[in-house]
Every structure is written in structure tokens, then in C-alpha cells.
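Note that subunit A is present in both complexes that follow, paired respectively with subunit B and with subunit C.
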Partner chain A sequence: MAETAAVTGKSTAAKLGRKEEGAMLGVSKTSRYIAHAILILGVLIVAFPIYYTFVASTHSLQTILRPPLPLWPGDQFFANYYQAIFGGVRQTGGVGADLLLFNTTVMALGIAVGKIAISLLSAYAIVFFRFPGRMIFFWLIFITLMLPVEVRILPTYKVMVDLGLINTYAGLIIPLIASATATLLFRTFFLTIPGELVEAARVDGAGPWRFFKDILLPLSKTNLAALFVIMFIYGWTQYLWPLLITTSNDMNTIVIALRRMISFADAETQWHIVMVTAILAMLPPVAVVVFMQRWFVKGLVETEK
Partner chain B sequence: MATVELNNVRKVYGGKVEAVKGVSISIPDGEMCVLVGPSGCGKSTLLRMIAGLESISDGTISIGGGVVNDKGPVERDIAMVFQNYALYPHMSVYDNMAYGLKNRGMAKDEIEKRVKSAAATLGLADFLQRRPRELSGGQRQRVAMGRAIVRSPKAFLFDEPLSNLDAKLRGQMRVEIKSLQRRLGVTSVYVTHDQVEAMTLADTLVVMNGGLAEQIDTPMAIYEKPASTFVAGFIGSPAMNLLTATVADGGLVLAGDGGTVKPRDTVLPEVGREVLLGIRPEHMKVTDSRNTADLTLKVTAVEILGADVLAHGQSVDATQTGGEIIARLPGGTRVEVGDTLPFAIDPGMTHLFDAATGKRI
Partner chain C sequence: MSPRVVFPNKVLPYVLLAPQLIIVAIFFYWPASQALYQSVLREDPFGLRTTFVGLRNFERVLADPNYINAVQNTAVFSVAVAFLAMAIALLLAVMADKIIKGKGFYRTMLIWPYAIAPAIAGMVWLFMFNPAMGTFAYMLRSSGYAWDPLLKGDQAMWLVIAAAAWKQISYNFLFFVAGLQAIPKTLIEAAAIDGAGETKRFWTIVFPLLAPTTFFLLVINTTYAFFDTFGIIHAVTGGGPGRATETLVYKVYHDGFVNLILGDSAAQSVILMVIVIALTAIQFRYVEKKVHYG
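On to the complex of A and B.
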């Protein structure tokens, strides 16, 4: 376990460009330079397009349309961002990025929290309770792994129309919150909790709810954090479902809006606004990863037991 | 504090496997009852039934006078110490001990008073804010004990609590548990497979085998008069020597032409009966002449333990192998493999069992 943690720690440190003296045992100086060169190259390949997007978001449309695009940021930063956030463009019906970001945040948070809540509770029921049809339910959940959103999109859409959930946050969130993967993950984790701990809690007078709240949840917190990050990003980058379920401009998510901003005729596309929106769309997931990175890595490599 | 009564308790799994086949034990208030036996003898199942963690198929269990068959662990008011301690890993030592009290809705200052006093008793006062993983095995064991004593329950239940400790610590904790139990005067049931723990801790010792209580008595009575060959082999280390023999006129003829033994102060059953002759290794003394010897052994192996020397051997008269006999000699006795040693058996220290049933005669 300590080994895994050390290895993961090393690779994250390398990714962040941090120096870690003497961490690699028995590796010569030359091969270390080569390793760093490869890593730096990799970072550049990933980071340059993002940097270029940022550069483009600070120039006027005229500058962008007249190649080559400068390599350094221009002077339109405030003007472009102000227009994108509070003005909007014609293609998205004049809806500003502020509302788009709000919509997307509601959806991503709803999906992440909903998925965790549902999978946590169903895994709890399957592992710790004996009820008729327990294994049937387990296999039913398992089978849904084989049914991605795309396969069941028509019936789901029909149900959402019948329930009148088109153009609502509920319609955006609810069809996506059932998660077999997360349920199986929690089930596996719960199975590693020793039976004696459950019995000790019973002797200590903890009923099912107390056991869940006082013991199971605190023990699952690293798993929760890792899953939250993964699910938040999954929710944030949803494209197909929001495209179908929202018809009004002010219910769009930022990913949908970004796509709609780009017309086929190059001249009509407000490229500077597109670039600003792209940067804005990237920021929240990045923030979530950065803030939760420590927990995220911990959740993937170790369990506190 | 309460008496614990088990009346013909049975446990059947899935209508087929019978783990406990009708056990009746009566534990007086404040006494410690130890259940001992090999793996799978039903001792842990029995303890878990007393705790309320396992349902009771048949019979009754009462704690403090009332039948508790249908009550949960909380209503039975018992506290349990588990083999792997089962401490809550995310809680401090203080919270581990306080959790059961909090769940009972006890006032904060009363909880603090009780936890502090238990921690002082167990020498944990400096560790109250630590997490279980920052403690040593012995300290974790103490926290598990503390979690039980803060509750002042009607009974303590111990499920092999010392089996995860090293030998030295085990000996130390054994003494601590005993004195703690004495001081608090709480009725206790203690499950172990270690016969030293069983002998030292028990007021009442229950030797279990195959779901049945083979013998229930004080440790010394069980040592002196084991009810069956199973008990004889289980209690005492090294185990009692058991030799197949036939009763003859005035003596016992050992199987395999092993010669005749004439135990003193022993009433022999009728001539011709097949018996098992039991002699504890510590009741065999080297004697100076072959004339006073009850048994003469040819030594096949020697184990020097410091305080004792264990001599493994066979009757010199035996024509076939098998029926190894172990004698426990005082430390410093010079014995070599191949020696022929005459032994006298302490008068009255032989045990006779029926060869067919294994029961004491």
C-alpha cells in the first residue's frame, strides 16, 4: 500500500512539474533527464492548445480572423469576457455565459450528488440487509451497466415528455443519476468492512441509520471524494442528453451553447466569444479537480482502515 | 450484574447443520465462565447467541432472571470484546469508548466521567485523542475493554480477545483481564481455544466438543478428573498419555505387548474390559530401580524446555511402534535418546476411560 502511494505521489508530482530529489532509486542522471524531457513534451502538447484558446479569447474578432494569430495575449480581455458573460451572442439567443454556467453547474452537481446518494444507498441495502430478492436486485443493477444512455434514449425521452420534464433541471438530471458503476464500487468497498465492526456497532446500540451515518459514511469519505470528482466531470461534459431535453435557450448548458455558437459560415461565428466560452467551460471542472485532488488520489489508492 | 442461564440451547443452520446441540450452563453472578474447545466446536456460536448476534433455534437464554431470546444486543445490556477489537477506525479512543453511551442518550458530562475513569483504570488516559491505528496491539485491546466497561453492562462477553497479541503481551493481558473482572464483579463469558487462558481465567470451565459441553466444572476438577478422553487430551500441556490396555487380574496389560502396569491407589474395573489408561506427563517420576518401576521407557526424543525436560519414549517391552508416552522431568535431568528409564506413576494419578465410548470409568 505504501508503495502504491509513493508511486502515485511521484507521478502526480512529476505531472505538476514539482521536483522530487532522490525519489527515484537507482536511476541514473541521464535517464532522469530523458524522463523529464518526455514529461515536459507531454505537458506542452496538452497545454499549448489550451493556452492558445486563452490567447484567442483576449483578441478582437478581426485579429483572430486575420492569420496568423499572435502567440501573446491581446488587449480585449475585459471587453470579450464582459460580453460573453453578460451579453451573449445571437446564435444562443442572447443568453449570457453566466446563466449557461449556472445551468451546467446545477446539472453537474445534481448528477454527481444524485448518483452518489442513490448508489450509496442501494449498495448499503444490498450488502448489509437480508431481504427477499436481494440478488435479483443486485443483478438488475448490474445489467444496467450494459445499457448506456444512448441505447435507452428514445424511451427515456418519451417518459420525460409524458412527465412534462422537458426544459427543466429535473429532466436534465434524473435520467442520468442511476449508476451501476458507482453502486458496484460502493458494494465492493462495503464488503471489505469487517463483520465484527458491524456487530460492535449493533452491541453499541447503533441502528441501521446510525451505523450508516456514524460509521459507514466517514469510512467511505475518500471513495466519496474520488467518485464526486469523476461524476461531476461526467455531468459537466454531458452533450447528447442536454441537447435533446432542452429546447429553450435559457435552459442550455455551456457545452451545448458552445456548439451552437459555431456556425458553418466562418464569418458569422463570433470566434472571440467562442474562445471565452471554451475557457469558461473548462474552469469549473479544473477547479473541482484542483481542490479535490488530494482526496481524489487518496480515494483511488488507499482506504483508511 | 446478573446471572446468566443457558437452558438446552441449540443452534441449527438452514435446518441441517447443528452447530450447538443442546448446552445448559448456569453462571452465578460475578463469575467468569470460559468456553474452551477446538475450532468448530460451537463455542463462538454459543457466545454470539448469548450476545444476541445470532438467533436461538431452541432452548432459552436468560440474563439477570428474564429470558432474552427475542431481545436485541442492546436490550440484553451486554458488552462484547471482539477478537480483532472491532474499533471504529475513524474515531478517537475517546469517541470509541463513548459511542455506545451516546447512542443510549446519556448526558455529555456523565459520558466524560465514565470514559475518563475507564481510561484511568486501563492506563489509556494519555491516548484518548489518538486514533486506533496509532496504538499498539495491547493498547487497542485495552480500548476494546474500555468500550465494554464504560457501559457497566450486565455481562461481558469475550470472543478470543487475546489471540491477536504476541505471547508475552497475552500473558500480561490475561492477568489484567482477570483482575479487572474480579474488581468490577461483572458476570463474564470468555471464549478461547487456548487451554492456559481457560485454566487461569475460569471460575467455571466448559470444555466443548462437536456442539456439546463435554464437561462443566472448576478448572482444577476438570484437570484432576477429566470426564472423557477428549477433555483429558485438551486440558493439560503436554497432553495426557492415553494407552490402550486390557484389564487383567491386579493390573493392566498394555496393547502391543507393552507389558503390564499396576497402578497404585486405583480401583480397576472387571477383568477383560478394554480401557484407555491415561497418565499425565507430570505424574511420571524417574525411579532408581526397575523393581519399583510401573513402566520402563526407551527414550526416542528429548525436548529441553529449561524448567522442564520432556522425554518421549516407548515401553521397552513393546513389540510394535505406536503408543508414544511423554514424561515431564525436572529441568536439568540428563536424558539422552536411547536411554532406558524406569518410571513410577504417582499413586492415584491414573485415569481410566472406556475404550469404546471414551468416557471416564
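On to the complex of A and C.
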């Protein structure tokens, strides 16, 4: 039994380029079929809402308002997407999805790059230099883990108003780029770099900048990619912060705009456009997760330690 | 840690740390200290005079039936979300561990929701279960069930729980898969040779050995249910109907931004701060252990 499974398993394993050990002892063929069935059911539960959103985004409002909605995509794909991207809807104050996507992209990229940059520098300072107050600074950064926006919501808002950061990209990005997790991750990684490497670099006359640029950055490449994926998603899916910081429609992120398009229990909601906007809002982060899966999984498992 | 080779610069490290420290000081420590400070003050209704009231804001908040209601909602919501998201993910991870073909395919299909904003997850579920035109609402109604989450509190709660748990399955799945891979196969095969069936092997070997992962995920899922699901509640129910889905975080937002009650909102913030500190402390204590054992 184990052999047949190993033989059938081998070709796929080779194709996928992964090392498979073959079937585990004591797992019968029947229970593997059951396992497949349960997994397919799981995939259905997980993927169906997303698929159904897509289906809804290709039907006309009239079709959507007359439940049940068909299981297959309709013929309004181009009309709906055109209207959502270039038309703008009353509820979002005439702002098209193109601007919303642009805002969200700026925010997500700004947060991802910003978090990585300042955390990289902080961890570099803490690991490769000795100076008074080093550990105090480390703890000051670490403790911010315990101060999410929710626990300091009003005073933070007041700071934003005082600094004139409401409705600005800077306001959306800068307060979110402090990162205890990223600093911790880089610190842990830097501590694994052997001292000999630093010594050799110094003997060869490399200063801190040279060492950072030519040795440390190339070594951190995988960590950078992994962290980028996680932080990009973090930035893209922000809700409370843009809700507080943006009051004008043309500064909205796509998630917030989507919320403003829905009115409860009310036939006014342009559900077909809402569904298109939802798909557009999901697409970039889902694509990042699926196509950068390897770094995503690595980043996820490591940042949360 | 052995003494490291370091660079001798004296000023440079401060320059490197400056950007992060400035942000942390302005946007984290200053507002947090303000929240602490305001939690012991009371403003008169016109905002003209503030007086020191000690812990009276806390007493008021904790005696407020609406706050107790929010505490109960948060408890129900968090337990249900954590349990559902973890149970489904564990089942799927155990199944994925058994099969030989298609592991990569299933993983790719199961990780999508991680990338979806909680608020959007909520809206998608609201779309499917909206009493006006949601397909599933329609199906529930035609089968004779009086489904209306916009009017019935417990149904609204189930809707936000479903959306929140759905979104978290991906995350838990990936961690359970990693946890299962770390269990030595020889241990399980030895039990199989001794005649232990699959169910028995799961409960006597796999599940106990997964305990660290499960505990870790419990903390993470609780934090998620407390804080990250604000978007779901805000977008789907707005705390309603009639406060039935008002959680602690939603109430802080609502009292602070909509009702503008500074003292109470600050006191609630401070209570939340204590909860986060406890959760973080538990998480890091546990991580020390994990490092120790493995």
C-alpha cells in the first residue's frame, strides 16, 4: 500500500520540485479520499464568497436585486467595471475606483517600504553599535506592540489634527510605519550574522555604510521580501486609521470608500458597483499573497514569533 | 551573547534610530500618556473646565450596563471566532497532512482570505446574507427560517462571527500545517505499527504535541477578534441592532468619535491597554518557552 502511494506520489512531487516522503504508514487509501473530500469542502467554503462576489460583479443591478443570484458570471462584466473605474458613484462623491486604488497603493507601499526602512536602520543601530541608552531605545520600540491605535484613539487623532496631517498621504502613512515586529525580526536576524564578517569588513576598510550596503542588505534579501509581503497586506487592509484620517472623498482608500457605498437595508446601494469595487480591492493583495506565496508563508511564520 | 564586533561610531547610531524613535514618541507615547491623563479627568459639558476625578471615570464605565454589554459581546464574539477559525483550520491542516498529491494546490486555494481586509470580508458576507437581496438569506427564508440580521441581534452576531472566523482560517491553517510538519513522523508510525487507529493517534499523539501551536494561535486569534475585527463590525452592523454586536473596541471608537465623551473614552482606552499588555505578555512568555524547547 505504501509503495503504490509512493510511486503515484513521486511524479507529482518531482513535478512540484519538492521532496515528498511518500505515504505515511497507517493512513489508508480510504482516509486519504476522505481527506481530499474534506479539503475540497474547505476550499469551497473559503473560496466561494470570493467567487460569488466576482459573479455578482458581472450581473446587472436588477439581476442582483432579484435573488437567488445565478451561480455563473453574467454579461455585464465590461459595463460594470467601466462604470466603477471611470464613472464614480454618488456614494463615493463621484470618485472613480482608479483614484481609490491609487490612494490605497500609495498607502500600502508607503507603509511597507517605510516600516522596513526605519526598522532596518533601528535594528542595525542596536546590533552593530554600542552606545549609552541602547537597550532603553530597544525597549521603547518593543513596548509600542502594546499600544495599538485602539488604545490611544482620541489623543492620536488630536495629534494628527494639530500637525495638519488629516487628509494627507503623510498622515495615512507615517504614524503607521513604526514597527516593533519588524525591528525585532531584523534584530534577531542580525544577531545570527557572525562577528567575523564584521571584523573582516572592518579590516578591509569598510565603514558602517559600506558594510550595511554591501554585506548586510544582500544577506537580508529573503527577510526583506517576506516582510514586504506581510506589510503590504497590512497597509492595504487598514480600516480604522484611514477611517479617522480621511474625511474628503478623494483621499479615501478603496476599503473605506466601499463602506461608504453601502447603505443598510436600502435599495439605493448600487450593489453591482459595490461588488466590482470589492473585487478591485481584493485583487492586488490576493495577487501578492498567491504569487509571492513562498515569502508570504516565511514572513508570516517568522514575524509572529 | 558573546561580545560582538561593533563599529566605533558614537553619533551614527542615534541618527539611525532617530526616525523610528521620533515617530514612536509623537504618535505612540505622547497620545498614550494623554489617554492615561484624560482617564482621570472630567470635562464639563461645555468643555470649559476640567477637573481631576481620580478613578471615577473607571467606576462609571465599569458600572455602565452598556459597557458590561460590550464586555459580554466581546467575550462571546472572541470565543466563537477563535474556536470556529481554529477548529476548521485544524481539521483542514490534519487532512492536508494526510494527502500526498495536491498539497500546494490546496494551500494556494486556502490562503486567499488572509489578504482580504476584514471590512471587505464582512461586506461580502453581508451581501450573501442581506435580508433584502442576499441569496443565502433568500434560501434561509424560503426554507421557513425567519432570517433578518438587521433586526435580530443574535443573527447579526452570527453573521459577524462567520465573517471574522472565515477570514482567519487561512492564517491558522498555515500555522497548523507548520506545527504538524514539526511532529516527528517516526512517532506516529510507531503508534500505527502498535495498532493505534487514525483517530486515536490524533488525540493521543498529534493533538498534545500541537499544544504549543494551538496555544500560540489562541492568543493571536483572541487579539485578532478583539482588535482587527473592528472593520467587520463597523462595516456590517455598526454595533447594532440595538448594541447587540457592540464590542469593546467599537465602543471606544463610538464613544470617542461619535458621542465625544472624552473621559469615558479615555478610561475605556486604558482598560483596553491593560488587556493588550496582558495578551502580549502571555504571548512572549510562551515564545520564550518555545525557544527553550525547540
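Assume the second predicted complex is superposed on the first by the 263 of 305 C-alpha atoms of A that agree within 3 Å, B and C clash if a C-alpha of one lies under 4 Å from a C-alpha of the other, contacts with A are read in each partner's own complex, and residues count from 1 in each chain.
Operating definition for what follows: contacts are C-beta pairs under 8 Å (C-beta built on N, C-alpha and C of every residue); 3 or more make two chains touch, one makes a residue touch a chain.
Keep in mind it's a predicted model, so treat the numbers as computed, not measured.
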### Query
Superposed on subunit A, are subunit B and subunit C clashing or fitting side by side?
fit
### Task
Name the contact category of A:V255: first (subunit B only), second (subunit C only), both, or neither.
second
### Query
With the two structures laid over each other on chain A, which partner does A:P218 touch: subunit B (first), subunit C (second), both, or neither?
first
### Query
Counting only touches as set out at the top, which of subunit B and subunit C does A:E199 meet: first, second, both, neither?
both
#### Entry: Partner chain in contact with A:V106 - subunit B first, subunit C second, else both or neither
neither
#### Entry: Partner chain in contact with A:R210 - subunit B first, subunit C second, else both or neither
first
### Message
Quick check for you: in the superposed arrangement, does A:L69 touch first (subunit B), second (subunit C), both or neither?
### Response
second
### Query
Taking C-alpha centres, what angle do subunit B and subunit C open up at subunit A, rounded to the nearest 10 degrees?
100
### Query
Does subunit C touch more residues of subunit A than subunit B does, or is it the other way round?
C
### Task
Look at A:I118 in the shared chain and tell me whether it touches subunit B only, subunit C only, both, or neither; answer first, second, both or neither.
second
### subunit B versus subunit C - smallest C-alpha distance in the overlay, whole Å
7
### Query
Do subunit B and subunit C touch any of the same residues on subunit A, and if so, which?
196, 199, 202, 304-305
### Query
Contact residues on subunit A for subunit B in the complex?
194, 196-197, 199-206, 210, 214-215, 218-219, 304-305
### Task
Could you please specify the touching residues of subunit C with respect to subunit A in the complex?
1-2, 4-7, 9-10, 12-14, 16-17, 19-21, 23-24, 26-32, 34-35, 38, 88, 91-92, 95-96, 98-102, 104, 106-121, 123-128, 130-135, 137-139, 150, 166, 169-171, 174-175, 178, 185, 188-189, 191-193, 196, 198, 201, 216, 220, 227, 230-231, 234-235, 238, 249, 252-253, 256-257, 262, 265-266, 269-270, 272-273, 276-277, 280, 287, 290
### Residue numbers on subunit B that touch subunit A, as the complex places them
51, 53, 72-74, 78-80, 82-84, 86-90, 99-100, 103-104, 147
### Task
Report the residues of subunit A in contact with subunit C in the complex, numbered from low to high.
5, 8-9, 12-13, 16, 18, 20-27, 31-32, 34-36, 38-39, 42-43, 45-47, 49-50, 52-53, 56, 64-69, 117-119, 121-122, 124-131, 134, 137, 140-141, 144-148, 150-159, 163, 174-175, 177-179, 183, 191, 195-196, 198-199, 202, 207-208, 211, 233, 236-240, 243-244, 255, 258-259, 262, 264-267, 271, 274-275, 278, 281-282, 285-286, 288-290, 293, 296-297, 300-301, 304-305
